[in-house]
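These are the structures in question, set out in turn.
Below, chain A partners chain B and then partners chain C, in two separate complexes.
Take a look at the complex of A and B:
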């Protein structure tokens, strides 16, 4: 066959590499700010845009989609053409991919601090940005697949398989979880409610970790570890086996985020089973990466890039060991809602993602600038700062998680909670949070040194835009592959391959969703819920949207698990039927503050007067001097948006919430009536406040939470036509 | 509980499907060469591996 000459274009690799560095520092800086805010809430400077509830989603989105996202695009745009022996199919689509992705990030950085959010973790961006993400992602996938179609090599190297799985699955996840009904340009409601919404969200959330933070990184590992160490991957056979088993198993694991929660037991059991099974393919990947360096450990001793890779791949092994363990119900009963989860994800992001990406950049940037790395010793310093930073970050958090969980569960000999005041359990782990902030500072310092090193490297070289290469044309298009199921179809034909990946990843989701959705529509599980649960009043709905907008769910759960300690502390445990009108659900994932689900049950363990809520929201230090909650004084000056209320009611009706016909026309009137009652109550306590302020709506929502079951509220008059 | 008969039969069908796919992929020769792709990716025209020897040695050792 003929030998052809062609050129690789390094332009996009360079752009994505720069973006990785810029957004990497940004994500880490936001994370560190959030870490200091937990220690001293005053760090938010009293600005609503900087409160923890708004910064935390910005941090997670920036770390996942901006830092790691640009990092994996760097890897894909560099390695794909070289593995397939052809330039990327369309430089124009590549450019759209780059600028579109940066636009998404900038929009996230603007909207999230403004409180424009869907509240679904790692999918907080509102619907117009979701559409933009979809377009950019399709552009990326089209370019990737068409490059495969035009390849010169016959075999497609395994790294590309992982890229394809990333494209297909993230597309499915994004579309599945972002199903929302727009109310305005900045606001939408999830199509799913309560337990179903939670199931879809954590199918998404867990597999964002799997297919955005894991599969593309494995592809990166399968290209760059062999390249840097100049040795073939330990076992190519293992890479094939663990690819198919990993993508098949991962998609089922989502429900392990909802153990002991108001989700059917069979779904929880499936989540646990597949999570435990996942250790096999995950460790297959780790072993394959580490054993590639067998007989080359002398190189690892000298080369900071390989050191970063070794610690990164080891961190992958550790977090994928920890994941199955955390999925066991007995362990999860302790770990869930605590810092253990935070430690777990940071082993993954700081260790696995961060170290592999920095290692890749140290190798790749000198190559495309035709020079050597500016300073190996600076890279070594970075390696040690990153490693120590990771350890100082996660080890104290393991202690913190365990300690706090045990304090939550501790009873006195007389059968009372040993630590009835939630804040006491937090103050005890505060020193560990200081260590965490130190760890984060070390890691960020290392990253700053890395950026300096790379900038100096760039300055010492000249950019090589085009690299020439030549290769034999092994793929005779249309010639030997006869028929759709022809020879080497599975690996050889990119479209068929993509199709098979889709089939494999979709099974788990379907098995878990279909019964849950059928059950909900049959009203079996939730029969009681439909009998007891009442829709939110317009004022409560407005308050709920403020709760979502301020990101309260980042610190407060609304999910009481059926444990004696939780029932004792918060009240009766949560039932699925109590969430049927929750679009979206607000179960939360970390209790930095107490659970709020029975907050509204009159005479309940958590119930407090309106005036207490007012004072507490205005300045939490007033009700408890050691509180770490941000103050929300602007809620007493900002007005409730009345104009949007009828549209919100209509949207809820569309989603199946049973407001009577024509209720949207009187909703504002009802809102004002209820607001006046709360306003009068506050004014009777000597508080000066107007009825149309946001704080009134939020108090109304808090006073409603979890109260329908005990029938301790009088909201019927606000949700009827009379 | 009757749903279990449905789920078991679907699982068995699925497993059978995967088995058939596996047998087919072996028969069509997709597992015939599970070594050379891992070595081929190391060679680029511009930057030949710095020491080709180590790769070759490795290859010999594995055989």
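Take a look at the complex of A and C:
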């Protein structure tokens, strides 16, 4: 075979690397702002765009898709051509991938603060942006696959396997979870409702962690750890086994986010067992990363890049042990809805993702600028700040999560809740949140130092746009080696490899979804008392959309678990049939404030008068001086959007919500009738408010929550034609 | 598995890594990255087997035997049954007497801050709920009358029932504290509501 000469184009690597740094700092800054808002809600400056409920999704999206997203594209566009000995197939598609991805991020940064959101965690972006994401992702995948087709090497390396799994699975997850019915350009409703929506969402949410924050990072690790250390991968066989077991098992584990919630026991059990089975496959990655450094530990002591890698990979091992532990029902009963989860995910993002990405950039930027890293000691300082920042961030949060959960569950000797006022349980952990903010500040300081170091490095060198390389085309290379179970043959067939990945990752989701969907529709038709929910009135629906838009779900759950402590505090525990018209579901994942599911049950534990809700929403400090909830004064001046109401009703009818035929035509009239009753009640308490304001709709929604089961509401007249 | 795996590769397919003496697979070279042919660490393999066995037993216990600790409705029923046995005295009878000792009033003050201040103001001057410092009362001003309101609530006005939240003794303490506010001067008193009643104490 003849040796061929070709060039790698470093342009995209450079662009993605810059974007990683810019968005990384942005994501951390937003996160830190949100951390301070929890301590002092006034940090939002009274601006609706900056309230915690709107910033938190921006932070998570920026950290996952903007920071880590650009980081993994940097790794993929740098390593893929070199591993396959060919330039990326299409520079044009690469460019579309880059600019399209940045456009998605900018649109997220605009729409999320404006309250344009689907409320599905890490999938909050509305449907037009979802379509844009799909296009960009297909462009990326096409370029990856075609580059493999045009490769010169016979086989594809394990890093590429993980890139394939990333492309295929994220595509499936994004399409599956973003199934939504548009109502307007900025608003859509999830096709799924209640428990089914929750199941799909956490299939997505959990596997966004798996296939956006884990598999591409493993690919990154498999390329950069051996490159930087100049050591061989510890075990090829382990690569094969942990790759396939990881991607097969991960997809099943989503229900562990819904333990003790209104999801059937059989589905929860799958979440538990598959999560526990994930320990070994995850640790396979950690072992292959760390043991690759055998024989090079002396280098680790001196090289800040390897130090970052070692701590990052160790953080991966810790969080993938912790994850399965949190999936055990007994542990989850304590950890869920608390800061424990927040600590857990930050071991992953700050440790595993952050440290590997910065380590990669320290190695890669000097190479494409044909220079040396500006300052090794600055990189060392960054390493220590990042490590300390991580520890100061997560250790107090573990403590806070554990403490608050125990306070929620503690009873007096007489059999009453020891801490019936939810706020008391928060005030107790507030000092821990100060430590967390300090940890975040340290980590961000480290990242700023890293950016300065990299900027100085860039300035000291000259950009090498094209790098020359040469290789022979290895078509018939070692063809008789079929490998273990024919795997070596499969490594020579990237399209077949991609196909098998698709098959392996699709099984778990289907086995969980199909019985759940069938079971729900059967129960609605046959089981008496299952469908206890009535459709929302138009006013409540409008209020619900305000609840979604303000991101209330970021701090308030709507899911009372079957524990004595929760039933005592909030009322009867949640039943699956109470959520069947919830498009989308609003179960939440963290209780910074109390659960709201039975808020509307008259005579219930949580019920409050309309006037209380009004005063509390206008200024939570008025009803409780230590409250940390943001104030929402604009709700009393902003009008309810009446024009969209008929379209919303029709959309709900399309989704199967049983409003009578022709109801959309009288929906606004019904809305006004109900609003007047609430408005009159508020005015009777001396509050000056007009019926057409958003706050009326939100109060109507809150006063409805969880009340159908006890029948303590009178909404029938608002949802019938009469 | 391991035996079969080794069979297809011959000695000449390997090189030796000088730092670890492990075997490098000769034709596995990707952009200079080499791969060793190390076997799976035995502890890792066992860890995997154990977690798989755990999963199988777990699923059999649920699907095959409906294990009570894996069905959440059953778990809940058991937890409530146990709580009932442990707290048989939850709603004991008490005497409707105004308490005047300092300890009870201090306890009542704490309870007031936790439960009542959100609606009746931190100094009892009224906010969403009525003012406690004036001579006007909507549902009566005896301990017994107020005890009924605190225990069962006034649903149509939004007063929450507290019978499942605080014990009868605590209710008595907080009511005694409320009565002690009578005649004080709050910062922002709410306008009178209800009827002017004689002071019984």
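The rule we apply is simple: the second predicted complex is superposed on the first by the 700 of 722 C-alpha atoms of A that agree within 3 Å, B and C clash if a C-alpha of one lies under 4 Å from a C-alpha of the other, contacts with A are read in each partner's own complex, and residues count from 1 in each chain.
In this text, a contact is a pair of C-beta atoms (placed from the backbone, for glycine too) under 8 Å apart; a residue touches a chain by one contact, two chains touch by 3 or more.
Computed from a predicted model, the values in this text were never measured in an experiment.
Of the two partner chains, chain B is the only one touched by A:367; chain C is not.
Looking at the shared chain after the overlay, A:690 reaches neither chain B nor chain C. Contact with neither chain B nor chain C is seen for A:716 once the two complexes are overlaid on the shared chain.
Touch criterion met: A:223 reaches chain B and chain C at once. Using the contact criterion defined above for the overlaid structures, shared-chain residue A:507 touches chain B, although it does not reach chain C.
Once the two complexes are laid over each other on the shared chain, residue contacts for A:612 go to chain C alone; chain B is not touched.
In the superposition on chain A, A:603 makes contact with chain C only, while chain B stays out of contact range.
Legend: residue contacts after superposition of the two complexes on their common chain; A:467 is shown touching chain B, with no touch to chain C.
In the overlay built on the shared chain, the residue A:424 is in contact with chain C alone; chain B does not reach it.
Comparing the two complexes, residues 82-83, 153, 155, 157, 159, 223, 226-227, 231-233, 236-237, 239, 295 of chain A contact chain B in one case and chain C in the other.
Those residues of chain C that touch chain A in the shared complex are 4-5, 8-9, 13, 17, 19-20, 24-25, 27-28, 30-41, 44-45, 47-48, 51-52, 54-56, 58-59, 62-63, 70-73, 75-76, 79-80, 83, 86-87, 89-90, 114-115, 117-119, 122, 127-128, 153, 155, 157-161, 164-167, 169-170.
Against chain A, the residues of chain B that register as touching in their complex are 3, 7, 14, 21, 25, 28-31, 33-35, 37-42, 44-47, 49-51, 54-55, 58.
On chain A, the positions that touch chain C within their shared complex are 79, 82-83, 85, 153, 155, 157, 159, 223, 226-227, 231-239, 241, 245, 260, 265-266, 268-270, 272-274, 276-281, 283-284, 287, 291, 294-296, 324, 329, 411-417, 420-421, 424, 477-478, 481-484, 562-564, 567-568, 573, 602-603, 605, 607-612, 615, 622-625, 685.
Residues 82-83, 153, 155, 157-159, 223, 226-227, 230-233, 236-237, 239-240, 295, 367, 467-471, 487-491, 507, 511, 515 of chain A are the ones that touch chain B when the two sit in their complex.
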